[in-house]
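In the two assemblies presented below, chain A is common to both, partnered first by chain B and then by chain C.
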Partner chain A sequence: MKPETSGPDPAPPSRREFLRRAVQAGAGVAVTAALGAWLLDRRPPGTIGRIAAVDARRSFGPKGAGPTLSIITGRARRQMLRRGLAAVGGIERFIARGDRVLIKVNAAFASPAALAATTHPDVAAELVTLCLAAGAASVIVTDNPINDPESCFELTGIGPAVRAAGGRLFVPRADSFHPGTVEGSRLIRDWPVLHSPFAGVTKLIGTAPVKHHHRAGASMTLKNWYGLLGGRRNQFHQDIDGIVSELARMVTPTFVVLDGAQSMMSNGPTGGSLADLKETRTLVVSTDPVAADAYGATLLGKTHRDLPYLAAAAALGAGTVDFESLRPVRAAAEEEG
Partner chain B sequence: MHSASTRSPGRGETLLAVGAMAALAAVLVFVLAEQGRFSPAVLLAPASPTPPAGSSPAALLARWPGGLSAMGQAELFTPATLSDKIDGKAELYLSAGFLALSCQRVSLKGSTSWMEAFVYDMGRPADAFAVYSSQRRPEGRDAGLGDFSYAAGNELCLVHGRYYIELVGSDSGEAVLGSASALASSLIDSRPVTEHATVAEKALFPPGGLVADSVTLVPADVFGFDRLKNVFLARYQVGGEEVTLFLADRGSEAGAAKAAAELQAFLVTECGGTAAGQTAQPPGGAIVDLGGAFDAVFCRGRFLAGVHQAASSQGAERWASVLWGRLGGVDR
Partner chain C sequence: MRITTARRIAQAFFFLLFAWLCLVAAVGTGWFQWRGWPIRWFLELDPLVAVGTVLTTHSLYPGLAWALGTIVVTILLGRVFCGWICPFGTIHQAAGWIGRHGRRPKLVIDSNQYHPLQRLKYGILAAFLVAAAVPPKLTGLAHLHTGLLDPIPLVQRSFNLVVLPVAGLGSGGGFSGGRFYAESVVIGTVFLGFVLLNFAVPRLFCRFVCPLGALLAILGRAAPFGIKTRKHACTECGACNLNCEGACNPKGPIQVSECLLCMNCFEDCPTSHPIGYGPRPSLAGEITSPGLSRRGFVASVVAGLAVVPLSRLSGSDANNWQAGLVRPPGAVAEDEFLARCIKCGECMRVCPTNVLQPAGFSTGMEVLWTPVLNNRIGTSGCQMDCVACGYACPTGAIRRLTLDEKLGRGESRGAGPIRLGLAAVDRGRCLPWAMGRPCIVCEETCPVSPKAITVEEAQGLSPDGVAVRLQRPVVDPSRCIGCGVCEHECPMNGIRAIRVSADNESRDPAHSILLHHENKS
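For the complex of A and B:
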């Protein structure tokens, strides 16, 4: 008969040996469990609504009724901005004494202001000045640029202009972002969102230039919120209409300023040549970013139908593409000097 | 006789062992799956343009032309990181076979002016011409540099073999433009190429009515058709009429015929066009009515060619006939 096994017959462990091995195994399990508990992230990514950026979101919108859209023509951005704000009730309608204001500019590229690829320093500085004059306790200016942040803020002229006006520049770092999810969203899920500069903020202003965009068709105030995203956000270019509409849902600003004094008609969003620009001599102030961008599309020779993200944002409740329904206040800025 | 210590494992023990191994394997699969799932939350840092160690040139040039000095180190971008530098415009370059971008800012000594040099390695001269021509500013004037070049406002753009080079100045002053020209010459000298962008297809377009410098090589999504790539377009103005002619070498008669059939089907099914007859010359060319604008599509030999947005069916056929004639003798 074939033996079932071979080899020496091990001696059974003694009671002492058994206990020693049992204690060793138990200690191993305990150490592993303790290590796991130590490494456990007890605050896993949640919805955007759980982070400060959106806790404050409800208060970002203006209080009280009033005009929601002004379209100002002129050349000098500072005067156009002042006239545009006056037309919708004045800065005091939006900014109260003690407010902590965050201004989201477009500082995506380290290019000179003359190329209009970024927020013009005059617009950024004038917003800071007006907010401080209205009694704001602090005004922070920020963006998460495409290029290296320091160069972007300095070479665009935004940094020096903001500092000179009394504002504070917030240059994002790695720990300025927290993962979050916009409820009901398909793309902004567990995604790093610029978080730190929103701490204590009570009012949010967005400002962007009017630009052609190779992928999105146009880049204006809604696309500008793209700068609140961190991580490898370039993958969202595969669904640019989806991400811009979700950003519109994520962010409800106090108001936006769309600068079409010069519009980048082609080769956007970077441009590069003064030949890409057209003097469109218009600036829009609005509490409805969708309406502002729908009007801005006309400066590029387009309509809202050419920019599918506008209708998608409107469908998500972010505003209306029918800007005329808001009865925009149209005026010309008085030129100075 | 068998002792208990040498017996074979029983069926229950075997099943238990197999179950334990299966559980461990399941844990392993779970861990690998979780590790493999991309989590953007762990990439919190702003997208950094920092290239892989050792692959970034310290400077675009070993020696800068007089009057220029580097403002910082050169940066290098790959297809995976190009959008970190140029955002949405990356798609244009990627669709044209982009390989690498080296860029660096330089300042003009004794001045607040500066410029940034972008050197795109497109791999092939034709691809360099594609991105050059797709962005060419109509106001640009010939700069006399490289294979093709122009200066527009504050910018100087050129093709040098496989390289597309942009020099973007902070202003359009003479000092900046003069320095840009000197810098462009130095960049050309420092990057010898064996093959230049000649773009023979330019000569195939009829000269009468051709808008100067309007010949463009579109790398992808031509007319919004994602399967139509690498097509030359040329704009024409005769009297009050404007029209665009197009042609593309498809390598074989069969390839050209297939491309023509696909484009014709696209114009009808995706663009809402209606078939509006065939041309006598070119023989068998298709006319498509796109709501008042007329396209013509035909092939001759290995070339796909046609007319885009003519004002009338007769106009489309007339221009198609002219282009068809130009392709005679070079279609094999």
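For the complex of A and C:
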């Protein structure tokens, strides 16, 4: 449209328009001032994205008294586990109808079950079966492995076995961890700890194989709690006895299962050869993980004195290294035909 | 006094003030050096800095409240900032004036016609702001990229790192030059390129690129006051375009968003008073919309949405964090750092040792031109008793530390010192470790007490078989603060035999190699 070049301007609608704009501008100024006042230094530098640590204690100890340790000999893990549990009062002593159970396995490495570097699928699956039979509402199996998590659960056979038994596998992701602190701890302070699979959980079972471990001396049920740590957790190898004993205080399980059907005598904790394994034909069920590991040390030809974290854990109230004082129930599992 | 004279005085004043504040941003004993001058002021006036950091951090860093003043003025009066205050704008205006001097008026008038591509800047702004506004829950904190093209950080960076040093005004020690800046060729080329482009199209940057101009245009498009053109007196001669800075078509209908309020049209109009200033709307018609098409807007939003995951994809603020990037003392953790840093170069200008350098392209676009330590360039690493960079930082990417806080003493006792990183001895290059020659310059110059570098005694043999007493340096990570003095002093002149990486830096607990209780000592 060609604009006019002469003649008076049209009658001014401009006064009303000007007032409208003035009001609009006034509102804009007010909004600017209000937003500015509200936002001013709301989150000072260095405070953004920092999440406050929560209590990292995981306390699921069993109620009531009873035998705390059974040492079962045999070959077939499922039978040994059932026998061992029966000796300490049966699964019903620990798992009630409606319980939500979390099983912490050792799935650290993506290696086959035959190499015994990880929890045997039979043990994981039998625990799931027993818990469900005892009326557990749900059974979750988890670990924060060293190798690629998906590969670990599949190649160890734990994943397929757990699913077949009706359990649920929880593969941790970055957001499964939350900063946690254990009161009185030197090391576990504001540290990412596996968090989300614990939501609603009422019982915690730990299970691990007996393994030689170059840094810690041995890796059994207490060292197994390392898998509850996230972040750059390997820096704790600078103080391995400190971290394992503090983990022992952080976690109070309902019971633990230490699988010494075979023990990794050397080249641990990864192993990699059948030559690293020895048939030690023993399985331990215990409500005291310190006692379980103290006994497990004997399967490796060691005593609890070779594993300083055991005495340190005992000093922190996590259990006793004197497993005989618990009057362990010793029995042999019936061999399958 | 004519209004354009007033404008020129304002432009000259603000430009000289800007240059002065760049010049004085240096720690030293010279009379002109930083003595409470508001060296951050132009950056703090910049609404794009304020809006960008508010979008990424949901917080307004206190100094940036100045930008609220700019916003208010813009809402009431339009783009006064562009035409009267912006130092980059003044440079463009001067270059454009030189460029069109002596050209035929017809060509000049044509070069100042509104061009539809001027809408491009709104797309650039939208992409930047969308990228900054992506909620942290989706991707983590957004990185802030506005500083790449925001004119105030751009001109500040260019002056701090290129213009002043090239002019021999670069030194912290006086008018003697002597500063080095990595990346200066690229930074200088961008600056010079935009300035020279004024010879092709006046104010090309302002009209087509400037995201701050776009933001101010949107804020000011409904300003109650502005340029008014009275149609009845206008002969449509086009003379008002002769010196029009914004290419806003003053004869009408005026492109309100493009008007920089340079007021040149008043002067150039040969008729009496057809163009004036007053309550709007202009009688000759107004176009208040920036004119960005829906398609253009959607494309910008999509581009902005893609920027965040794209710039985080390298993992450089996560598992793949770059231990080669040693950040200045008080720098917040990398994700928040990249949500705040606008790459203005203030910290690098003010750093008394010149150790702070702009990160280059090889370290990734997402960290381009952010401050890192280069102990080979600096005169002596990061000085123990200096916290200047945090006070030069306009956005809180570097916190303002007290010396007590930096060194973990006094009121900050028990919190541990600020660690920039960790020195590590390269035993294959170290004279006493690898070559049987005494040295330990690193141990001598370590400023920490007790020293973070200790020595192991050893017996070596010289090539002619004489026994030599060797002291071999060992670093204690619980004491080392990563200041880099050792790396600077190491006699292995090329690739140093002791080098600092960001490992163990205290700004991110996940980068610590110390156990918790050691960290607090």
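Just so it is clear, the second predicted complex is superposed on the first by the 278 of 337 C-alpha atoms of A that agree within 3 Å, B and C clash if a C-alpha of one lies under 4 Å from a C-alpha of the other, contacts with A are read in each partner's own complex, and residues count from 1 in each chain.
Methods note: a residue touches a chain if its C-beta (ideal position, glycine included) is under 8 Å from a C-beta of that chain, and two chains touch if they have at least 3 such contacts.
This is a predicted model, so every value here is computed, not measured.
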Which of chain B and chain C A:14 touches, first, second, both or neither: second
Which superposed partner A:301 touches (first chain B, second chain C, both, neither): neither
First (chain B), second (chain C), both or neither touched by A:186: second
Contacts of A:108 with chain B and chain C, given as first, second, both or neither: first
Contacts of A:172 with chain B and chain C, given as first, second, both or neither: first
Touching partner for A:24 - first (chain B), second (chain C), both, neither: second
Larger contact residue set on chain A - chain B or chain C: B
Touched partner set for A:232, first chain B, second chain C, both or neither: both
Intersection of the chain A residues that touch chain B with those that touch chain C: 3-7, 9-10, 45, 190-191, 231-232
Contact set on chain A toward chain B in their complex: 3-7, 9-10, 45, 108-112, 114-115, 144-149, 151, 155, 172-175, 177-179, 190-192, 213-216, 219, 230-234, 237, 240, 266-270, 272-276
In the complex, chain C residues that touch chain A: 54, 57-62, 65, 68, 71-72, 75-76, 136, 140-141, 219, 222-224, 230-232, 234-236, 251-253, 279-281, 283-285, 332-333, 335-336, 339-340, 396-399, 507, 509-510, 512-517
Complex contact set, residues of chain B against chain A: 2-3, 5-8, 39-41, 43-49, 72, 83-92, 105, 114, 116, 135, 137-140, 152-155, 166, 168, 170-172
In the complex with chain C, residue positions of chain A that touch it: 3-10, 12, 14, 17-18, 21-22, 24-25, 28-29, 32-33, 36, 39-46, 48-49, 186-191, 231-232, 235-236, 238-239, 242
